[in-house]
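Shared between the two complexes below is chain A, which pairs with chain B and chain C, respectively.
Right after this comes the complex of A and B.
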């Protein structure tokens, strides 16, 4: 089988410190995105465990797999969870979620938890779209912009380039800086056009590092336009899969002249995390605690 | 009780064919709401607005630029596909280059016995606009007389004015009902009413609407409160989109676009000679952005509507490549923001990406609903 360069590492994590049995409120968020799915479980508002994997062709099944993956070896089962919020493209197809909320609200809420209340602007670089979100100190969305129906500047575009250049996706960011001088960005961020442009550049003898640099800066420029339209207020944070690609993030920072906050969590779980936090608020409301 | 408007909207072609058979009179298709229907009614012609069908098509590519708006391509497609085969005439009043291209291409490829280009002036804020348009309307009247073999009398014009004004008053009365905290009609229903008014004999429409308005106040209220939205844009009769938004706990209560309030908002004031009165109505009506300069009058109008209809949020529906509308968006958003009305802009094509738009609308409603999730 050919090497799948685009394949990013699926991951799971459990907190070694939390005894879920002692918890009063157990909630979960499930983010079924176009490319990846995450499940996050929180106990009394603290991160207990999560799982992140690739979305399959069937969103209810992807939700179930993400949940099973997150819960594996924790001893916790679905029935122990008091409230589940679904989010992401597949949010309406998650049979075991009690409520669906948009990934825009969930990413803002999740970023507020991950980066703290100083975050005012969030860039979510997802698998198939990009969102520039402004929020308040509670993580409530005040405004947002989304790119138009196109994979340019998204995870899917990066996957296509990983395969084209035969570079493992996790190495792309680092590799894009291994150039003597920053080349001109590719002229189109449309994945289809950018790919054919890149093929032309390779044929011209460009090393793949240089092609990657040209693509990464084009991608960064595209999302910077989105951010400028919504006007960035600091602190600024990036969520989603592309947040892990320093080649894109550093170029965004350079163009914006603003540093993004350092992530302390897996940036792909922001949406599911926000869902789990909303789930907690909904349980508290139900129980008359708020 | 809103069924007849839905039937008219969905069965527009069948209606026109039957009308023609029943009356033996001529039907004219028009491309822009600056067309003075009063004069056509005076000559017993049925004016029907040419609208798209919101379906993908592949017939306009050789005839119209790809970077012209989806609406003008969708309209032309209807002609090329033979869906308006019953038309005896077509006309346009100058509004924008894109829709004019649809008209000229239609004229070339789908010949009809009468076609007319009405040079509606752009600079309506000039005091010379009114005498100019009055003269153009006189010339248009002559052309219609020659085509139909009738004489358009002053009484005829007054009749045209009366029919049109009644239609405008009634449609506005329907919109007034939407000011209520619990509007008895949805945005989708209202949109079909306005679109139907552009397709059927106004006299028939007026009777049906009068009857509806008499009964509407008793119509049972809806469950729960809904987020009150305003829709702004150019032409927008995308009922699938409106239905989607209203299925998410929102209701459109007011609009400014030309398959909405902009079409009927102003009446003809009968304080001058009929032709000059008609011209004055089209000079003074709520303007289309192509004619709304150097002063932007439409923005104050939009702010007033938002206030009077107690709007919580605005959705700006931008036809892709429609520059006159797009250029106004920052100014509109800024003005509404000052009044505490957030806006969300969506760029639409012949068909819309429903999934992605749904996410955006839901997120926008989450902002507006102020639900306590924190």
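Right after this comes the complex of A and C.
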């Protein structure tokens, strides 16, 4: 398959410190998203391993592939996992998951683990939707809003621009700052119209960097409007693929006048991580531990 | 929890807001709504909640502007049946 440079590279990580055989509760979360799928395995509530890859057209298969990818070379097999929670767009299609939960609940819980209990507002910028979530110190959702009708402010928007400008997705954030002065944002946030506008600007002689800066600030403005509806309370964190694009994150911070927390792990795993944490809580409930 | 169901697009923001802490799951809004916008079921966003709660049904979430239009003041209605039916005041409209 040709390199899909407009998408985030696939990744995998295994903790060098944890011996899963010594664990009492082994749980997993699988987030089958619109663009990428993640599987996270936790041993007694500590992150053991994760894998992140493309979803493709078949979500049951993607869930299986993500799980196999995460478990490869760990010695752990599917049967060793006590409870699996599925989340994301494809959550109802994961045959080996015991429970399906919404990505809103999972992202809040995952971000609470990833950024600590001080996080109160989470912006998840996913492949084809955008969620603004407020949560309490335990990661329980207190207010949420999801925009999945419009691609503005989602990873898909960035993918379209990466393709148009032939820039790898990982370089877009940095490139968007290589401008002498910040240009006016593109006037249309609709991805289709923003792309037409960008084509016009390129034909006018604008360099790629300037077009990217104009689109990144339009995207930031768009999601800030969503965040304002639920009112941002610090600490603030961004999850999902776009959290790795500093061009968008820094512009959101500037508009909100609030700094986002620094992520400790790959921001794309937040949903699956939350799923694994819920799985642990559900096992404890079953065993009468809580 | 304040659950916002709906969307924002080029024409504006359309959200039905359910305060799940106020909702007692009585279901009066389900019968009050002439267009079947609401449904009662488990809280998808809080797996540990034991009581049922109202939510906007999946099929209306992306067209709520049109589903609710016949009840809006521009259509000659003075009040929204869903809001009227809800004793605890758990439902709100953003537009």
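We take it that the second predicted complex is superposed on the first by the 285 of 290 C-alpha atoms of A that agree within 3 Å, B and C clash if a C-alpha of one lies under 4 Å from a C-alpha of the other, contacts with A are read in each partner's own complex, and residues count from 1 in each chain.
In this section, a contact is a pair of C-beta atoms (placed from the backbone, for glycine too) under 8 Å apart; a residue touches a chain by one contact, two chains touch by 3 or more.
Computed from a prediction, not measured in an experiment: that's the story for all the values here.
Visitor: Could you classify chain B and chain C on chain A, in the superposed arrangement, as clash or fit?
Guide: clash
Visitor: Looking at A:190 after the superposition, I want to know if it touches chain B, chain C, both of them or none. Which is it: first, second, both, neither?
Guide: In the superposition, A:190 touches chain C alone.
Visitor: So, A:89: does it touch chain B (first), chain C (second), both, or neither?
Guide: After superposing on A, A:89 lies in contact with chain B but is clear of chain C.
Visitor: Who does A:166 touch here: chain B (first), chain C (second), both, or neither?
Guide: The answer is neither, since A:166 touches no partner chain.
Visitor: Classify the contacts of A:143 with the two partner chains as first (chain B alone), second (chain C alone), both, or neither.
Guide: A:143 contacts both chain B and chain C.
Visitor: In the overlay, answer first, second, both or neither for which of chain B and chain C A:231 touches.
Guide: So A:231 meets neither chain B nor chain C here.
Visitor: Thinking of the overlay built on chain A, is A:118 touched by chain B (first), by chain C (second), by both, or by neither?
Guide: neither
Visitor: First (chain B), second (chain C), both or neither: which does A:105 touch?
Guide: Both partners, chain B and chain C.
Visitor: Give the one stretch of chain B, out of 115-123, 277-285 or 313-321, that collides with chain C after superposing.
Guide: Of the candidate stretches of chain B, chain C runs into 313-321.
Visitor: Intersection of chain A residues contacting chain B with those contacting chain C?
Guide: 101-102, 104-105, 140-144, 146, 148-149, 278, 281-282, 285.
Visitor: Chain A touches which residues of chain C in the complex?
Guide: 1-4, 7-10, 13, 15, 44-48, 62, 94
Visitor: Help me check something: in the complex, which residues belonging to chain A touch chain B?
Guide: Contact set of chain A toward chain B: 89, 101-105, 109, 129, 138-144, 146, 148-149, 278, 281-282, 285, 290.
Visitor: For chain B, which residues count as touching chain A in their complex?
Guide: 342, 347, 353, 355-356, 359-360, 362-363, 366-367, 372-374
Visitor: For the complex, which residues does chain A have touching chain C?
Guide: 99, 101-102, 104-105, 134, 140-150, 189-190, 225-226, 229-230, 278, 281-282, 285
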